[in-house]
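Okay, got some structures for you below.
Next come two complexes built around chain A: one with chain B, the other with chain C.
Moving on to the complex of A and B:
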């Protein structure tokens, strides 16, 4: 039996032919990418282009099975296509690229347009959003996939027809406020962040010398105060200098421990206000430091003792063990600096795979945790947190890659309609491994897929005569914003060239708005117009939707500038309460507002009634003048009534939910 | 950077243009090519009249991250600014600018500017960000006021 007989049976020989001629793009050759590349090749896809800017790292090898130890430091994309050669039975054409997919000089819109379908196997939000935007421009379907540990999902996206990647707001990785890190940590991660990004950076990282200048400009007569201030700022510089000034490595290490874990904590404790609502930290016991100081015979700091502690990186170290590891790492780090060619300017970067720096971060974070009564973590856990390691599991990757490959069949008319494609999630229930979900229509308020997208073709971008004014005129002629513009500029009718729109080019460069017309007579070239950039036009009155124009140069044009005629720029969904600060989640469909309000009112009324009853009963109980209370029957009645109401409320709740779900489907 | 971020920054610029509190200014920085950098702004916060901060406009830099408005902008005074809740680097310790505390994507530039103005004359002694101003504010009010007034002269209108 031929290897492809099953797939032929499933989708039919004719549709299978399409796959043999299909050209697809796979973005990412990592955890999911390796699996997916294998799947797509075995399915017999005709041509696969694979893009990854990364090189192979030792830590990839446990799951990115196309790579071997000898491949470390080589390009992922190139190594992957070499590895799959052995089972490339259908002579799939493979084209690797080692580049960032967001590099529009390498990958322009036309390049993306050559593919029938795009597979995302990425590891970051930026690149995913980028592909989403490109696919919206091209109205090209793509399949998004991702995993975190045991969780994963595959989402087929059909631009403007189903939910796009930006329709749902993604959680951003947490960042921490300085105050929490420096003075009031409450979680292990705060201490780890402090150890790695603050303490380590101050001691061994890049030197910041500008600190002194500000003090002098403050101008104070109080000498003592100036001194405290300078001292404060110089203390850390002094610590760094102590790398060179100390008589011995042990002295250096113990000085740092005393300063950071005793003196600095005592200073913090003086700020009473900080500890009104928080538990006070307890500085390190000086006797522990003394103990280590007097450890001349190196009983505690014996290499065998240190090795034993370090050998167990899953164990929670005791305070003493943490101190020993910290001293050991400080001694090693100091040696590395002193032994370098230029010790005064030598810096060490934190690296989770550099044992000394990791030992330093783990032990100092733990000691700080103990001081602030926060649970300690094992070195293994701290490595994950400090190195921002997201756990990756080969099985989850393989499952999601498989579903991604399966869903791709729907783009070849396997289903009645491609919108019957399914989103696939790993399940959190034990009964099933995965759960499917239907596709949802895009959010009406999504900032990405409610935008109108077109091409802006320019014959010669270098043409100095092409000014912003010329472009603006062309935009106004071809895109029917006009009626609306006249309304908004009626006071200034003779100057129709100054519409109330704002124009941004590229990432963040504003080149025009009604109060910023300085650039009108400058050439597009001088304003930094380039191929493959995006121009964003926004209606200042917020009535019409935004327009994004993708800039292309086209020497064959008969005119200087080409913008397609757009007669109906759609209007934005109307905001319910204009001119009021939007307090609600801007993502929520506006149509919900009415319904929600009504439902809430209904519920509020019910609750009010309930409350009344409740108060009555209490009053009855508290006030002896109420004869009703003695009547147990009545009491029972009341509680029965309340019970009933509760059930009704519950039902109402249920109904409300139903209505909401129905509504969301209508959307 | 997403469409959401660009749209929102254009919106903030427009809103500020149409309506901003008296005596304040806020504008995107000018790039060398003549365009305006919507992610990096310069602003001026006037001290409230009849306070020790009065008669001065304090310069502020505002930088919006790529994932704004999911994340708050970074708002800074010049380094060494004298105020109990301003770090030596100039970074402002204010709950509405803090992702872990009160930042919400709906908070506007105007609200931020007014919030910073409010903070000037109503420092929060519970979250010290620098020692000199915090100590003087709590223990030596005449010195504190003298310093603030000196600083006001430096940034006088």
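Moving on to the complex of A and C:
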């Protein structure tokens, strides 16, 4: 039999031809990416482009099976392609890229448009949201996937036909009030957060004097506490200078220890109010510092002793051991600064894989924990919390990649009609391994898929004759807001029918509204028009749906500008529950201002408040880009998934008008 | 070391993991812990037939860091094996692949498998077929020694009679046994852990999981007479039933017997797929193929067998007589029969992933292992789990 005779038999020769000529994009060559690439290749897909910016790391090798120890530090995308070349079909073409998918200079909209289908195998929300938007512009289907530990999900998305990635609110990482971190910690994670994001950043990170010094961000109304914290911070800046002023590294290290763990704690203790309901911290015993100070012969600080402690990274270190590790890391970090080309401006970023920075964070967090009578943690555990490590295993990735590959067939209407594709969750129930559900319609309040998206093609962006006035005229001609305004004004008066719109380019640069017409005779080029920019058009009454136009240059155009005709811009969907500020006039115009993005923020909050539908797209096991996640993620993901499942069950019941029955299949 | 010893929480004979191992296995140790990883490192597994699912299982288990994997398969490479069995390759380009056709599968695959994780011992045997081993093992007790060296046995794409024999041997040696097959868009795995002390309930790290499960078991204790758990209240001893129970089903041990009418209708398709698979296992037992790992289907006989199965299970849809096959059912059956004996990579990946994970669950006590029959319906992406018990 031929190599592809099985698949021909399973899906039919005709459908197989479609797969053979399909051109797909795989974003991510990590845990799910490696598995998915293998599946797609074995299924005989015609052309696969794979994009990943990352290089291979030792901790990838337990699951990213296309990589070997000798590949560490090499490009994931290129190495993966090389590995699968060994078993691909002759007809399959593979194209790797080592780049960020969000780099629009490398990947513009036209580039994305060449694919029949896009597979997301990503590890961060930003990139997922980015692909979502691209696919909304192109109305291109994509399959989202993610895993965390034993759990995973696959979500096929057909833009404007089914729920998009942004339709469901993603969990925002937990944050702690500054005063909990700075003066009244009560959990190990508070101390770890303090060590990594405050102490380390203050000593070795970018100097940012103004940060966190106003009352609002400190989250406390205790004046005494605020003053103490501000002083503390200013003193730290002096301490940073002591990197250069100290006579020896040991002196530098001990000064820091004395200041942080004795002096600062004593100052906090003076604020009686703080300790009325809390246990009082006990500053570090000065005799311990003296002991280390007098360790001239380096008995405690002997390299072999240090190595011994560091090799026991799963153990809970004693106070003494933590002090030794802290001194050791401070000495190393100081050395790195002094040995750099430009010591005064040299900064070190915290990185969980940078031993010095991790040792620093682990030991200083633990010493602080001991002072505040909080349990200490092993360096192994602290690495997970400080480094946002999400557990990841081969088996879950293999299963989810399998489902992603399987669901991709529906895009070609193979197993079912494409809109009958399934969302697949791993199940925690004992009666089923998966929990598939039908696709949901897009959320009516989704900020992403309730926007109209079209292309704005410009023949020659450099053409100085193309002014904003020309563009505005074209917009008002082609985009019809009429229906809504018909009722309110005189029907015959064409001019009065013209809505008042505002135009924004890029994120929030307002270039036109009814009271701001200064730019009308400026050329588009001078206003910052270029390829891959997005133009947002809003009506000032905020009744009609927003329109986003993606700017493309197209030399083949017969006219200077092409905007598709939009006969009737639909009204903006009403928000469900206007919980916040119910008195606000919904017609109040929204103004755009470069310096003030509060308005956008407020909108986001509204959506958060309004939505009870809840989903978490999980990560594939690599560390997310976002630095604010913490170790509670997994647990929260699980409960979020349960939550989601409940909602699904509920909705399914609702839709099918069937009463939910507990299946007892294994009786 | 027997698996009982291996699983004994007091067992401390395990050497500690080296720092290198902890670094390599970091992302999974953070999920199932050091002790589970130590137990995984002590586990020796026999896998019969490389196959598509076998390839996925091998990949997952070797990556996870087991002690030893012994592969038994004396087949030669056929061209259609390359549809799923990605270890069957040599060299960087396609020309080399033609050279491997006709060579012993395991000879070709060994270097690719070993490369995945040099820490795992990989052994291959291409001299003897599984049938020789089984005949010897059944006839002559001494030959069981071959099986005794393992902690666990997995068969893939193996015929029913051989699975039956193999399970007899594994039971007599108190070895856990898994059997799995892929049929195009469909597949299953069966597991026999004989008696398993499920400690995952005692684990507090997955609160949701725990509460969810204890609710379930309370419910099932009330609603059915016994069988599900060994003792009533808090015992977590799971009783498993041998492969033979798949072949001796009737309305008394039917996994569908407690389904209400409405459930039969809403879950009809996935139930039908499950029934087809059970019928296939029975058919294969009754009409063994000459080529032992390739079931040849005679559609008339299969229909007959299916009718009997519906009758035996007292399973019928839409008020029709048992045994009478509906139009819709016939359509689905046609699809199913068309898929028999095909290997398909996404299905192999999903089944191979869930089976390997089940073994790790058994070793790590993080989740309860499947008890005892899992079906994958690739049409609906459903993976129902049934407990199929022995006929009383």
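Note that the second predicted complex is superposed on the first by the 429 of 667 C-alpha atoms of A that agree within 3 Å, B and C clash if a C-alpha of one lies under 4 Å from a C-alpha of the other, contacts with A are read in each partner's own complex, and residues count from 1 in each chain.
Rule of thumb we're sticking to: a residue touches a chain if its C-beta (ideal position, glycine included) is under 8 Å from a C-beta of that chain, and two chains touch if they have at least 3 such contacts.
Keep in mind that this is a model prediction, so the values were computed, not measured.
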Touching partner for A:176 - first (chain B), second (chain C), both, neither: first
First, second, both or neither for A:85, with chain B first and chain C second: second
Contacts of A:105 with chain B and chain C, given as first, second, both or neither: neither
Contacts of A:432 with chain B and chain C, given as first, second, both or neither: second
Which of chain B and chain C A:6 touches, first, second, both or neither: second
Partner chain in contact with A:504 - chain B first, chain C second, else both or neither: first
Partner chain(s) touched by A:276 [first = chain B, second = chain C, both, neither]: first
Residues on chain C engaged by chain A in the complex (per definition of touch): 19, 22-28, 30-31, 34, 56, 59-60, 63-65, 78-80, 82-84, 86, 88-94, 97, 115-117, 184-185, 206-209, 212-213, 216, 219-220, 223-224, 228, 255-260, 262-263, 266-267, 338-339, 342-350, 352-354, 356-357, 360, 366-368, 370-371, 374, 378-387
Touch list for chain A against partner chain B, complex: 125-126, 129, 133, 166, 169, 172, 174-180, 183, 210-211, 214-215, 217-220, 222, 225, 228-229, 232-233, 271, 273-274, 276, 447-448, 451, 502, 504-505, 507-511, 513-516, 518-519, 522, 526-528, 536, 538, 540, 542, 546, 548, 581-584, 586
In the complex, chain B residues that touch chain A: 1-4, 6-11, 13-14, 17, 28, 31, 33-39, 66-67, 70-71, 79-80, 82, 87-88, 91, 93, 98-101, 105-106, 108, 111, 125-129, 131-132, 134, 143, 147, 150
Residues of chain A that touch chain C when the two form their complex: 1-7, 9-10, 35, 38-39, 42-43, 58-59, 61-63, 65, 68, 82, 85-88, 90, 149-150, 311, 313-314, 380, 384, 389-399, 401-403, 405-407, 415-416, 422, 424, 427-434, 436, 621, 635, 638-639, 642, 658, 661-667
